[in-house]
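Working notes, structure below.
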Amino acid sequence: MAESKTQPEARELTYVAAINEAVRAVLTEQPDAFVAGEDVAGAGSVFGYYKGLLEEFGAERVIDTPISEEGIVGLGVGAAATGLRPIIDIMFMDFMGECMDEITNQMAKMRYMFGGTAYLPITVLTMSGAGISMAAQHSQSLEAWLCHLPGLKVVMPATPYDAKGLIISASRDDNPVFVVLNKMSLGMKGEVPEDSYTVPIGEASIVRPGENFTIVTYSRMVHESVKAAEALSSLGVETEVVDLRSLQPLDTNVVIESVKRTHRAMVVHEAVRFGGMGGEIAAQIQELAFDYLDAPVARVGAPFSPVPFSPQLEQSYIPNADKIVAEARTLLDV
Amino acid sequence: MKRPIGIAANPASGKDIRRLVARASVFDNQEKCSIVARCLVGIAAVGHAPIVYFDDTHRITRSAIEDANISATPIESLGTGTARDTTRVAVDMKDFDCRVVITLGGDGTNRAFVKGWLNAPLLPISTGTNNVFPVIHEATVVGVAAALIASEMVCFDDVADQQKVIHVRIDDEDDDIALIDAVVSMDRFIGARALLDCGQLRTAFLTHANPAAVGMTAIGGLLEPLNTTVDAGLVIELSSNPASARRWVRAPIAPGLFQDVGICSLQRVALGHSLEIIGPCVLALDGERERVLKPCQRAILAIERDGPWVIDVERALHAAAKNGALVPAWELNEARNAG
Amino acid sequence: MQPSDDVLRDIHRRMVRIRIFEQEAGKLMEAGKIPGALHLYVGEEAVAAGVMVHLSDADQITSTHRGHGHLIAKGGEFHKMFAEIFGRVDGYCKGKGGSMHISDMQIGMLGANGIVGAGPPIAVGAAFTNKFKKSGNVAVSFFGDGASNEGSVHEAANMAALYKLPIVFICENNGYGEYTPQAHHQAIVDVADRARGYGMPGVVVDGMDAVAVYEAAGEAIKRARAGEGPTLLECKTYRFFDHVGVRGMGLSYRSDDELAKWQQRDPITLFEATLIEQNIVSAEEAKVVHDKVEAEVQAGIEFAEASPMPDPAALLDDVYK
């Protein structure tokens, strides 16, 4: 503790507090930025990450909206196209079904359709992930929907540090950026500098080096993968864990370079395995590093089922370290 | 054979530009449909009467009739979406020899109806914006009044009054009519119809002048009130030029809209009095720009008491109470047996 | 407010520009010279012209799939428009948008839109910017009777009224949602009736009468600029051509009689007759307007035909900034 006094940058913050600090930094730095979404102002969001912002920045910049996701995203698109820098909150990413036209056909395409004459500096904050018995409509990981849309950027921070840095990066980007947060991570603590800083969009990070095996993952599954890597280490497998951080654009280089060193790879995500990002990443690995592979690329993801409600069922649904280890042992034959 | 009751609802009433400039609100057609439905309940409470109705483009009356599951004779709309539809249906209702016609609309609607049937027997329900002509009564009671008259339980002559009108004759064009006011405006176009700029007004010819009403009639009413029963009209010369205006009056020229109106002169005139108007100008009739007069084109405005007969709902219901018209048949039978 | 002579001539010119552009574009499509589909605005000119004459380049509009008329009335240039619908590199969108996505951000035309009902929420965003920046600008959103049934329109209207935004919703009710008559797609006839439920004024106006549109739109826009909130203005109008392309007569889903009846109220014929009768323009002056626009259209087509196709190397340009 004495150390933290001399090194203030080693300050620890929760994921939820890091989000709050990031949005506060954006509103401070950018006079044209505002936050709009359901329950963001008076309530400070149902997850609490906008607490205090209404008081600090006023009702003109922190705006409660009706429960009208299509209207909210449209507001963001129109405001961005006419010179503002909106932060739009979609409370649960499951609610994207309500606003998929404004996302798919307007936000993602407007710049291209208009021959590059439109600027859409929109940041969308939204919440993914299962684990707290919110059942099938409040627990999904639908990032693959977004990554399939040319024109959008998608980031999924695993740590408080990345959450703050990626939100600030997103807000400075002149493209629409989805920052997909994770609700199970809200209470996790990590080092977060007090100053404003950025984590570059499109750069993966190697969170644990290893030479025998590569796990490519993102969001909360980074932590389960690190846990799995520790377990595999006791079996003599040194696992490199790559946290993608950004899914669109995807940092293919870091992934391919890692696989070229380790010759075996697995993709881990919480989203349903079928049609998930794992398929895309596995395909890229075999396209770009086929000759380096000593085994097929494995995938760990949720089964092809809606997210169940009952805690027991939900736990058996969500990928975790044990499942990753089990799958890795089959793949690696250890 | 009972003479039929006519029902004519104007789908276009209560929706014009006065929603914007005069803080009026939209009179939606669902509400008009409910008003017709309540009229039908009132008619049914008195007893069966044949009904003919204006089958308007918005199906207002048709929906109410279908919902009530009663048989009635539709009169097809011309379908122009203009006042001509209402004027045309008035001609047909006259041919049907309607004993009484319930109209839904504002001053403009009743004017359009009277254009087709000058001395129509009317029960006007207000669903418009300027409502000097129609009076506010619950539709249920209006339905009762219509049925009492159609079934001759109440004597028409005792409860109806013939109204003054202004006849408008325009060189080389169709005649027109005004129930409340005919106004000369220096506007050039009919446009969005409503009369909203008193600065453009030159002459107002009023059949009645009521300070408690809204529209052109209020201008006269605030200067020299004149009610519907007096055999006279008012002619007012107006100007927005302070040099020619001799006095000013602050009048509600539409709901929610006051303007200061400059008055040059005011003259009370007898029935039969006529005014000659020479174009270019626009003639506004009952608050709406209706006719464009070309340069040198002439119009003659003349006031007469040969307009529609308007049934006084209060008098009709009081008469019904006096002669026991609304005592149910079973009660009459019991009374007879007891006697 | 009655329009001045200058405004009347301006409205006339805008209407004629739309009419001739659309007629020529339709011919080109029928001749197979234009890729894809065109949704033409012929018959509805009084609405775009009567509204747009109140707007400056700083005011924004959102449009529909039937968007050429809105862009032309807002000040769009023929040569860039033709180049775009020909898919050429000199088009408004460098050939990447085409007719359904034609736009000009410089003059606040935030795009035609291929998705029915997608524009109003975007216009709400533009109006939000105007309020946020206290710019005094107004956003105008055009949509049809068909779009009025989309949830997006209800969401946008509610939010606009809630935040008292400087916006005008213009419903161009042409009686058809694509090929389906209004009576088969909604239980009401006047879309403006819904305004009351949104908490804003609703007005119905004759969309074939440019002066009526001018007056009503003027009041709605004035109200929006004054910070008094949104208006739903419904203009009753009619599509002289088919949903896509030109053919007006002989369609299975509407009668020739109906079309003929509406054509008797052709907004340009009516307006020109009034202007000539009132000595605001002479018949000769009106003809000069037509001739000039005709020449401008032909020059636009020549420009477009001479413009190169986009380089395939540009395929991925502008996906991202």
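Which chain is which? They are A, B and C, in the order written, and residues in each are numbered from 1.
Everything below uses one rule, namely that a contact is a pair of C-beta atoms (placed from the backbone, for glycine too) under 8 Å apart; a residue touches a chain by one contact, two chains touch by 3 or more.
The model shown is predicted, which means the values in this text are computed figures rather than measured ones.
A.B. asks: Which chain has its C-alpha centre farthest away from the C-alpha centre of chain B?
C.D. replies: Measuring from the centre of chain B, the most distant chain centre belongs to A.
A.B. asks: Select the chain whose centre, defined as the mean of its C-alpha atoms, is least distant from the mean of all protein C-alpha atoms.
C.D. replies: Taking the mean of all protein C-alpha atoms as reference, the closest chain is C.
A.B. asks: Where the centres are mean C-alpha positions, what is the separation of chain B from chain C, in Å?
C.D. replies: One centre to the other, that is 37 Å.
A.B. asks: So, what's the distance in Å between the C-alpha centres of chain C and chain A?
C.D. replies: Chain centres of chain A and chain C, defined by C-alpha means, are spaced 41 Å apart.
A.B. asks: Nearest whole angstrom, what separates the Cα centre of chain A from the Cα centre of chain B?
C.D. replies: Centre-to-centre distance between chain A and chain B: 67 Å.
A.B. asks: Taking each residue of chain A in turn, which ones touch at least two of the other chains?
C.D. replies: none
A.B. asks: Pull out every residue in chain B that's touching 2 or more other chains.
C.D. replies: None at all.
A.B. asks: If we count contacts the way the header does, which residues on chain A are in touch with chain C in the complex?
C.D. replies: Listed in rising order, the residues of chain A that touch chain C are 32, 34, 60, 65-66, 68, 70-71, 73-84, 86, 101-102, 105-106, 110-119, 150-151, 153, 173-175.
A.B. asks: Could you please specify the touching residues of chain B with respect to chain C in the complex?
C.D. replies: Interface residues on the chain B side: 11-12, 15-17, 19-21, 25-26, 28-30, 57-59, 81, 187-193, 197, 200, 280, 294.
A.B. asks: Please name which positions on chain C make contact with chain A in the complex.
C.D. replies: So the residues of chain C in touch with chain A come to 60, 62, 91-97, 101, 103-106, 110-111, 113-115, 118, 120-130, 132-133, 139, 151-152, 155-156, 158-159, 162, 317-321.
A.B. asks: Mind listing the chain C positions that touch chain B in their complex?
C.D. replies: Going through chain C, the ones touching chain B are 1-3, 188-190, 192-193, 195-196, 201-205, 209, 211-212, 214-216, 219-220, 223, 231, 236, 274, 277-278.
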